[in-house]
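Each remark here refers to the structure printed beneath this line.
Here the chain labels run A, B and C in written order, and each chain numbers its own residues starting at 1.
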Amino acid sequence: MDFDLSIWAVRGPYILQGLWLTLALVAGVLAISTPLALAVGLALEARSRWLRAPATVLSWMVRGVPPLIILFIAYYVLPIVLDLRLESLTAAIAGFVVYNTFILGEVVSAGLRAVPKGQHEAIAAAGLPMTRSLRRIVLPQAMPSIIPPYVSYSMDMVKGTALAGAIGVTELVTRANQAIVATNRPFEILLGVAIIYGVIDAMLIAVQMWSERRWDHQGHVSP
Amino acid sequence: MTLSIRKTATAFAAALALLAPLGAAQAQGIDLDSLEVSLDYPDPWPLENLIEEGKLIIATTGKTQKETFIGDDGTLQGARIDLWTKLAEDLGLEPEFVRVDWSGVMPGLAANRFDMGCEGASWNNDRLTSPDFFLTRPVKVAIDVAVVKKDSGIESLDDLADAKLGGVKGEMELQHLLSTAGQDETDALALPGVTEARLALLNGQIEAYGTGIHAASALLDGPDGDQFKILPQPTAVGVGGFCVNAREPDLLTAVNFLMAKYRTDGTIKALNEKWDLPDTSEMLSVVGY
Amino acid sequence: MKDTCMTANPATPARAHDRPMLELVNLRKSFGNKTVLHGVDLKVPAGQVVSIIGASGSGKSTLLRCVNHLETPDAGSAVLIDGQRIGGPDPARVSRRDLRRRRVEIGMVFQHFNLFPNMTALENVMEAPLAHRRGTRAEIRDMAAGLLDRVGLADRMDHHPGKLSGGQQQRVAIARALAMTPKLMLFDEVTSALDPELVDDVLQVMRQLAEEGMTMLVVTHEMAFAEDVGDRVIFMADGAIHEDGTPAEVLRNPQQARTRSFLGRAMRAR
């Protein structure tokens, strides 16, 4: 079978518009779900049972649902039960935000758990206020254990955005599929799409390496 | 549910009622060939239940060759797109196409997201009785066939009993192939899309691909098409039409009227020819219009 | 060496002996249904250095941690610092703000230092005064630098804990605990995690602190330190105080068989 990448000259612009949509989706979802995930992570590790219990149950429930179902709920069920008709992109962002908030919330919570108990005791013994200590002492120490899974889940998310095609977001993979149907050139188009995802992954890995250096400047206290 | 049955039945009753006096008229010696049937309709057609006023929101996959697909210029096009655009214009509405996967079309109608959808949904009992949407008059006769490789040695449906079968997941066409061959659903290879099915057939992962005559002829026209052939007997013959939001019975009436008009005035036939689709519009008289 | 707190601690106010700096009344603590402290009563006058000894599991750490409420004492217990009770009758219902206010009056030094690894030595010492707005940044910096100088780390101020030896880290931890000018200092086996050659520097800092009149509760296995620096030695067993007296009384002439056998083992172990 002949292999002819010149198909990208014709179809490239249309498919690449989907890339911007994919990136916008990822950026939007991360921007919203990161602070929410922090809140969820803190709630999961909260001393108060009234925060911890609902956060734990909710996280367990949401993470148990396949993201595609969450998207379907956002796009097809909300109009029925709440008379709320979100645009495709808005519904996709909302659905992914819900899912990622709890996925990343667990990452944050695991990171917080990785901070030695002695740190919390030192904070308490010195009478340091909670919010300030969180920002200046606990979170910086949690970062090294948060960043790698955070980046790896973000990569999953980049790939997972293809699901948004099901609710009318014409992102990268949806457009690639449309182009494949119209041209019957699956290999050329899929190869191109794989390269694009590879580049995004490489960029995320660069972000990870940079942030790991950024947060790992001190070494640790000996036990 | 009862509502949709009643609506469909009403349409047929109306068609029959029209035919009866015509039969009587012939007996009295009127030359039927010279009669101009009036197909006047209100312009604009008052539609009370549209999701957005002035707009006809139509769900389409954009992934069916010749019917609804993305062209080289990046725009949505095809025989169905043309037909829907004309339909919207004739109703005084602006068409808005939402591209969703096939799995999202019917949920979207149920969720009141789209006024219309389906690029040619085969009529079956589930769909005819669905509370979520109405089926319109058919746009095509759905002829389901089996595609095989020329060198496979498979010559007729009788040779399929032991063959590895496949098709697109969830499509009626695959079901029809399986029941014709007397095979169970679990033995088949259900693929995500047309492209995958074509490759599976090309690579020998399946020996026969159950699909519609439209998709099958597109397959033969495409790359490596000369390696394939369509078995002469169809696996099933039915009709396929569009779906209308169940909240909009007035739209169903309007669409059914215009479909009758487009079939009568040759619009459907012309579009099939324009897009090089097998034209089945003449055969639609088997369902009474 | 000091015999009584009054003569050895010129900084102590004259009235101090009639109002103890620390008073524990019926201090009880249980974890689940296991009682770890059985109603401990203890009065520590200002400026006194109390060494707490006892076998592993006897409740020494728990006692210390109850003083600053790192562990919440059981209902009915009372902890008074400088005559003021922490919270009301139920220690579990102390407000966080109240607790924070009382905790800054108590410095604590841990066995494993628990320094903040993402901050330099200086930042570790400055953190609490900054958080409690104990002055301008420059003032706090000067004060913190002064404290680090006192513990012999003037040249290590900008090092992160990971770049310091265990002994240096522990001295930073002491400076950090002193930064809020506490009325009382708690030390929980602060030399146990150190290599032997680093122990003396830390003990030297504590000795100096004792001489300056700080009230100190010191859980320790260093009998020499208890004898030389302490004003008073408490022997704990099974969550209760079994013997309480001057170092000479408790260490040289224990009244109880249990104390004798513990000391016998402790001395042999060295």
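Just so it is clear, contacts are C-beta pairs under 8 Å (C-beta built on N, C-alpha and C of every residue); 3 or more make two chains touch, one makes a residue touch a chain.
The structure displayed is predicted, hence computed values, not measured ones.
Distance between Cα centroids is largest for the pairing of chain A with C. Of all the chains shown, the one with its CA centroid nearest the global CA centroid is A. Centres computed as Cα averages put chain A at a distance of 39 Å from chain B. Computed from the mean C-alpha positions, the centre of chain A lies at a distance of 46 Å from the centre of chain C.
Averaged Cα coordinates give chain B a centre that lies 84 Å from the centre of chain C.
Interface of chain A with chain B (complex): residues 1, 10-11, 13-14, 17, 72, 75-77, 79-80, 85, 88, 165-168, 170, 174-175, 177-182, 184-186. The touching residues of chain B, counted against chain A in their complex, run 59, 62-65, 69-72, 74, 98-101, 103-104, 107-108, 110-113, 193-195, 198-199, 222-224.
Chain A meets chain C in the complex at residues 116, 118-119, 121-122, 124-130, 132-133, 136-137, 140-141, 217-223. Considering their complex, residues 68, 70, 96, 99-104, 106-108, 110, 112-119, 127-128, 131-132, 160-163, 166, 169, 176-177, 180, 193 of chain C touch chain A.
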